[in-house]
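Per-chain residue numbering starts at 1, and chain names A, B, C, D, E and F are given in the order in which the chains are listed.
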Amino acid sequence: MSDPSAPATRSWADLSGPALDAALSERSIAVVPVGAIEHHGPHLPLRTDALIAEAVAFAAVTRAAASGLDVWLLPTVSYGKSDEHYWAPGTVWLEGTTLLEQLVEIGRSIALTRARTVVFVNGHGGNVMLLGWLNRELRRRFGLRSFSMSAGAGGAGDGLEGRPDELGQGIHAGFAETSVVMHLAPGLVSPDLPPRNVPERIAGLRHIGFNAKPVMFGWTSDDFGPTGVIGDPTGANAAHGRELFERGVAFVADALAEIDGFVYG
Amino acid sequence: MSDPSAPATRSWADLSGPALDAALSERSIAVVPVGAIEHHGPHLPLRTDALIAEAVAFAAVTRAAASGLDVWLLPTVSYGKSDEHYWAPGTVWLEGTTLLEQLVEIGRSIALTRARTVVFVNGHGGNVMLLGWLNRELRRRFGLRSFSMSAGAGGAGDGLEGRPDELGQGIHAGFAETSVVMHLAPGLVSPDLPPRNVPERIAGLRHIGFNAKPVMFGWTSDDFGPTGVIGDPTGANAAHGRELFERGVAFVADALAEIDGFVYG
Amino acid sequence: MSDPSAPATRSWADLSGPALDAALSERSIAVVPVGAIEHHGPHLPLRTDALIAEAVAFAAVTRAAASGLDVWLLPTVSYGKSDEHYWAPGTVWLEGTTLLEQLVEIGRSIALTRARTVVFVNGHGGNVMLLGWLNRELRRRFGLRSFSMSAGAGGAGDGLEGRPDELGQGIHAGFAETSVVMHLAPGLVSPDLPPRNVPERIAGLRHIGFNAKPVMFGWTSDDFGPTGVIGDPTGANAAHGRELFERGVAFVADALAEIDGFVYG
Amino acid sequence: MSDPSAPATRSWADLSGPALDAALSERSIAVVPVGAIEHHGPHLPLRTDALIAEAVAFAAVTRAAASGLDVWLLPTVSYGKSDEHYWAPGTVWLEGTTLLEQLVEIGRSIALTRARTVVFVNGHGGNVMLLGWLNRELRRRFGLRSFSMSAGAGGAGDGLEGRPDELGQGIHAGFAETSVVMHLAPGLVSPDLPPRNVPERIAGLRHIGFNAKPVMFGWTSDDFGPTGVIGDPTGANAAHGRELFERGVAFVADALAEIDGFVYG
Amino acid sequence: MSDPSAPATRSWADLSGPALDAALSERSIAVVPVGAIEHHGPHLPLRTDALIAEAVAFAAVTRAAASGLDVWLLPTVSYGKSDEHYWAPGTVWLEGTTLLEQLVEIGRSIALTRARTVVFVNGHGGNVMLLGWLNRELRRRFGLRSFSMSAGAGGAGDGLEGRPDELGQGIHAGFAETSVVMHLAPGLVSPDLPPRNVPERIAGLRHIGFNAKPVMFGWTSDDFGPTGVIGDPTGANAAHGRELFERGVAFVADALAEIDGFVYG
Amino acid sequence: MSDPSAPATRSWADLSGPALDAALSERSIAVVPVGAIEHHGPHLPLRTDALIAEAVAFAAVTRAAASGLDVWLLPTVSYGKSDEHYWAPGTVWLEGTTLLEQLVEIGRSIALTRARTVVFVNGHGGNVMLLGWLNRELRRRFGLRSFSMSAGAGGAGDGLEGRPDELGQGIHAGFAETSVVMHLAPGLVSPDLPPRNVPERIAGLRHIGFNAKPVMFGWTSDDFGPTGVIGDPTGANAAHGRELFERGVAFVADALAEIDGFVYG
């Protein structure tokens, strides 16, 4: 399974059912990219999160397969839980319960194969907690080993690192995400970047915040201004985006290796 | 809107929210491909239906846009209602109610834009009745004009025409579908085609049947044999597949034109 | 079981539980009429669809029993999926999901008897796709053989044949349906028939249409005018209604015979 | 509206939508019989509860209309919440949530007419609490005045009075119910009546019991023996049944009059 | 288990899982208080029903344990089905379906222990029918013996006896309930008692009424006036409240003894 | 509102509806403790999480009120999302969807008062992601400002700090939680503490882990050994528990102050 010249066989759905059935074993890892189709400011495409999740997952699966892991990439779940951007025309969002049920059923189907492990590579911060919830459903109901991670290298939100002056709040269409899309799909990024929109007052709070702070709060993206941006896209560039992308791929590939050897307890 | 050199702008999710918002009008048509990831015999890839729906929809939207229609392609809904193949490892299926709710919510988001029309281009026979139901939900709840059609040229099932000796029952992984995949993705078709599997007794019935017969019946694909094929893939070829594909694209493009001018009553 | 003088024993619910249990065998066929209570123009009763479904099912079961089939008639499900007439006072409609769940549970109960076959005889076009979906649920979940058919002789909508100048669109309260109610319940038909209301423009379309055309579309009956009629009731008469009714009964009875001998594959 | 020679106009669904719309006023009362299709011992038909509910409701509506009330009879909801008899072949039962949702939707449709009052005439003890719950849903959500009552004269269970030696526990297929069916449908009652089956120990309890006792308890009918009877059908006779039936009709008709004049507060 | 000096061990959730597991047997009875947080006029606290349910259940369990019963008190379900008071700020209510599902899941967990019996001690009239429904769910689905009763001594509503001139309608924040809260939590009762608010016209009706009358009706508490009181709190006093409370405790304790010895049939 | 001598008025449900209505303003903050009833090893009570959430919330609300905040404490939601302990007798758990819906409905009721802010103080790590999801529902659907935080001082899981040799994995019934219960309810802690049970291999992983690590994974507590403990309770003591408790109270009180002044953007 370590032949890097056969990436096509890494696609679950490229195979026929019997061929997949023959290929899968208890060691197989099913990887499902999960994205979103949502407003990302006036400069990034609506499919930013689906694009990043799919690109990172594809590259990481390819790399992991090349290193001998028995990984399989499933079709991307493009539509996500984007209720925080429901107000913005173009956003196409699912209720959390609908997305959760869809993913539970995808897990249920995977559980009927020999594969015992499923991994969700996620491009959208708004999906993170749903995926954490999902992991436990799949473990309890179907006995799967289920993992979720962001397509970036970080542990929260979309996992993409921002600029220091984003104050840890470059979580949506900011420096990092803009840079990554510039790298992956430069033609889809508008040259007119919107201005910095960092909720500085929140950044200065001790407890309340977006990630890594101990008090979570409900918000929709129009709570912070009309552009829907949270962060600072100015100065974003493809070179930085490439670096972030590579870091994300390395992280996911490395995590897949860790998952391969994972045992509870 | 008739500039054929700008196909990228035909992708809903390639645009930013504000750019899409500016581009859409009451005349805009949102096109959503709907597929399935399901067992298609030992010779066709699991993503056959998603592949065909997406390929036909993309080509038809491109053609329709070139002829001046204001059409927009949304990301494919890859996972479908494949409960008839639930028994076959590799099938990844959603409960009908989950898929219906997902599509209702996609329609709800579209209804919040200026676009008033949505079209589902479907690659999977098992989705057909759900989409008919869906059209009415979107009409009643959100006032949308909602249409569904098969990615093939016919009116039932996946709409792909079979061989005469399939007796109108080449509905799954048979001559037509195999030919189309040979055209679209030859590398994904196994050269070892499974034998003909046509439920001849059913073909000889007067009332009960798969399509176009007046009595519908519940079945799962293993009711007709172990391969899951219903039809006869032998003799399938890319040339015929190309012809069917082109016919499907022409049909969908032509239907989009009809939809563009559609008025009730 | 071929004694035509005992039609009462053809009623599932006329028997006691133990008597029914003793009478049923693996060959038994449970028949469930499904109707609707909905606006049918200013001239037909709201229960038109329930009336026709029940009358046809009763007569067909009686005839089938007389010819030796082990058929059983269950109480009519009167309220249907009439969301297309939600706007018209008097319509009493169920959400599709509620009707589907009700019918799944009816099937579940039937599956706990010795009978392995269930047949839905349907009087309402708006139920057709739901019943097709239902058949598969009952097959997959409970292993039943499940069939659905229209109470008329046709294959789509309510299955009643219209007049040629209805252009295939006499689907609701038109020539055929009005004639059948004139035959079955002449006292319930208003002598003041509403005028012809045929969506001629749609009839002229190549792809989009009500039945037998390849593009389905969402509509509510007020999309075509204030009467809710789709078709042409003028000239309807009981004699023609009788002929249509007899044809429907013959069709259902014949279909029941086919079902009796049905084997998959 | 007090012409007793026109009972047909008392049927909601016999009228066309516009005719009904013209006939209804704020004083109109919509009456919905609710039954069950469930095991009633070896001697009574499965449709006992639907039969009684419909017969009583029809007679009471006729009588009430004759006395000048603006009452309307809707089609019977035949299938009820019979989970206590789920174990007995022939029972066709709905989950409580499914029945509740169906009745809420029926109420919703009624609320879209001029009628402001709905009455559920119930033939099945197992529906009682669901209907009490339902009344409040219809009041709060749609502003309806909603009432429920048993088709018998009593206040609990199916409301039919039993024999003294049934110890207040003749609640299912016992003396009263058997007598009523002997009156209404003598041909459907088996001459071989099952023996008395009264849970005497429970009758002797101070707190726990079926009706009118302060502690409710969960049971299924097989908890009390294999026949599913709770009570004593021996000695049941049509004459007594007629008396009970007349009492039930008088009760419902009288209650309808009270409802007609009902004001809150 | 009859040591009255160890009341703490009567609390299910005070024990560790293994300690509880060791303590439970087939004879164990799990008691769940169910209340409501809802408007109780201008003089009683919102948590009146939760307060009474918990206080009665605690005292009754203590007494029952002292007499040798193996009873266990679970944490109170404070939020109930208070849709009749939805209009009053401060009411915190659950949809009936949400509360039912919650209680079914609580029963499901109890069914996974050795205990086979669950008892719901209820402080809120609006929960009564839901609990009756619940009992059957727990019996059918999990084989539990499930009982429900009011925390007062009566059999309907909240079971607290009123004053004669409340005409059997002192069902909410009237003489009895006000007295009990004066006894249990005098500091929470406003000295300014609202005036008598008894729907006298309804009291005079023959069929329609709140409890013990044969016709149930839907109402919200603002149907009877702006205070939300139904009854007459004037003259309420702690001495009477104490008597009622003691009567309620005695009733529940006695009922628990009956439950301990309960056998079906 | 800053009179510390009136803590009783800090209880939402101790007041009558009208009194609460008069007391609430747009500045009011509704605080809802959320716990769990679940296995916490052989030494801690099942209600550990509910106990801590309630105790911390009560103390913090009292302190915040004393400093002039307009905070109100609602009744504790005792039963939580404990699916990871479903296997252990005594655990009483709710499906996530049931708990989420319950909390959404609690928020809906709060939104009908003048209060615009709701805070969930959580004692159970398994509720964390559900509460994050909930915050957004309440923001989007009802316009509330919604916050959630752990009853401990940390940002993840139950927020209680462990011992260094727990390697960041003392997340359930370990050193911190055991110490806090020793402080709050010493009589409920078994003197026989179970041995250390730290999944050291997981601690050594780079990506996968319980909190603060970038890869989340599905687990149930029996995945790590038979005691259900994850951490090391040995050495736990009330003095440390008191310190942790005070830190938690200070954290929540401080967070409430921050919430009081919170503005978006």
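In the analysis below, contacts are C-beta pairs under 8 Å (C-beta built on N, C-alpha and C of every residue); 3 or more make two chains touch, one makes a residue touch a chain.
Chain by chain, the UniProt names read as follows: A, B, C, D, E, F = Creatininase family protein.
On a predicted model such as this, the values are computed, not experimentally measured, just so you know.
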Inset, instruction - Quick one: how many steps at least from chain A (Creatininase family protein) to chain E (Creatininase family protein), stepping chain to touching chain? - result: 2
Legend entry - Touch-network distance, chain A (Creatininase family protein) to chain F (Creatininase family protein), counted in steps: 1
Legend entry - Shared interface numbering between chain B (Creatininase family protein) and chain A (Creatininase family protein) [over half = same, under half = different]: same
Inset, instruction - Superimpose the Cα trace of chain D (Creatininase family protein) on the Cα trace of chain F (Creatininase family protein), which carries the same sequence, then give the rotation angle to the nearest 5°. - result: 120
Inset, instruction - Check E-F, A-F or A-B against D-E and flag the pair whose interface repeats it, over half of the contact pairs matching by residue number. - result: A-F
Legend entry - Greatest separation from chain C (Creatininase family protein) - chain, by CA centre: F
Inset, instruction - Let me have the rounded angstrom distance from the C-alpha centre of chain B (Creatininase family protein) over to the C-alpha centre of chain D (Creatininase family protein), please. - result: 48
Inset, instruction - Would you kindly tell me how far, in whole Å, the mean C-alpha position of chain D (Creatininase family protein) lies from that of chain A (Creatininase family protein)? - result: 56
Legend entry - chain A (Creatininase family protein) residues counted as touching two or more neighbouring chains: 86
Inset, instruction - Report the topology of the inter-chain touch graph, choosing from line, ring, star, complete and other. - result: ring
Legend entry - Starting from chain C (Creatininase family protein), with chain D (Creatininase family protein) taken as the next chain, the full ring order: C, D, E, F, A, B
Legend entry - Of all residues in chain D (Creatininase family protein), those that touch chain C (Creatininase family protein) in their complex: 8, 12-21, 24, 37-47, 50, 74-79, 85-86, 88-95, 98, 101-102, 105-106, 109-110, 112-114, 187-188, 190, 228
Legend entry - chain C (Creatininase family protein) partner contacts - residues on chain B (Creatininase family protein) that touch it in the complex: 83-84, 86, 96-97, 100, 126, 128-140, 144-150, 153-155, 159, 199, 201-202, 205-208, 212-220, 223-225, 251, 254-255, 258-259, 262-265
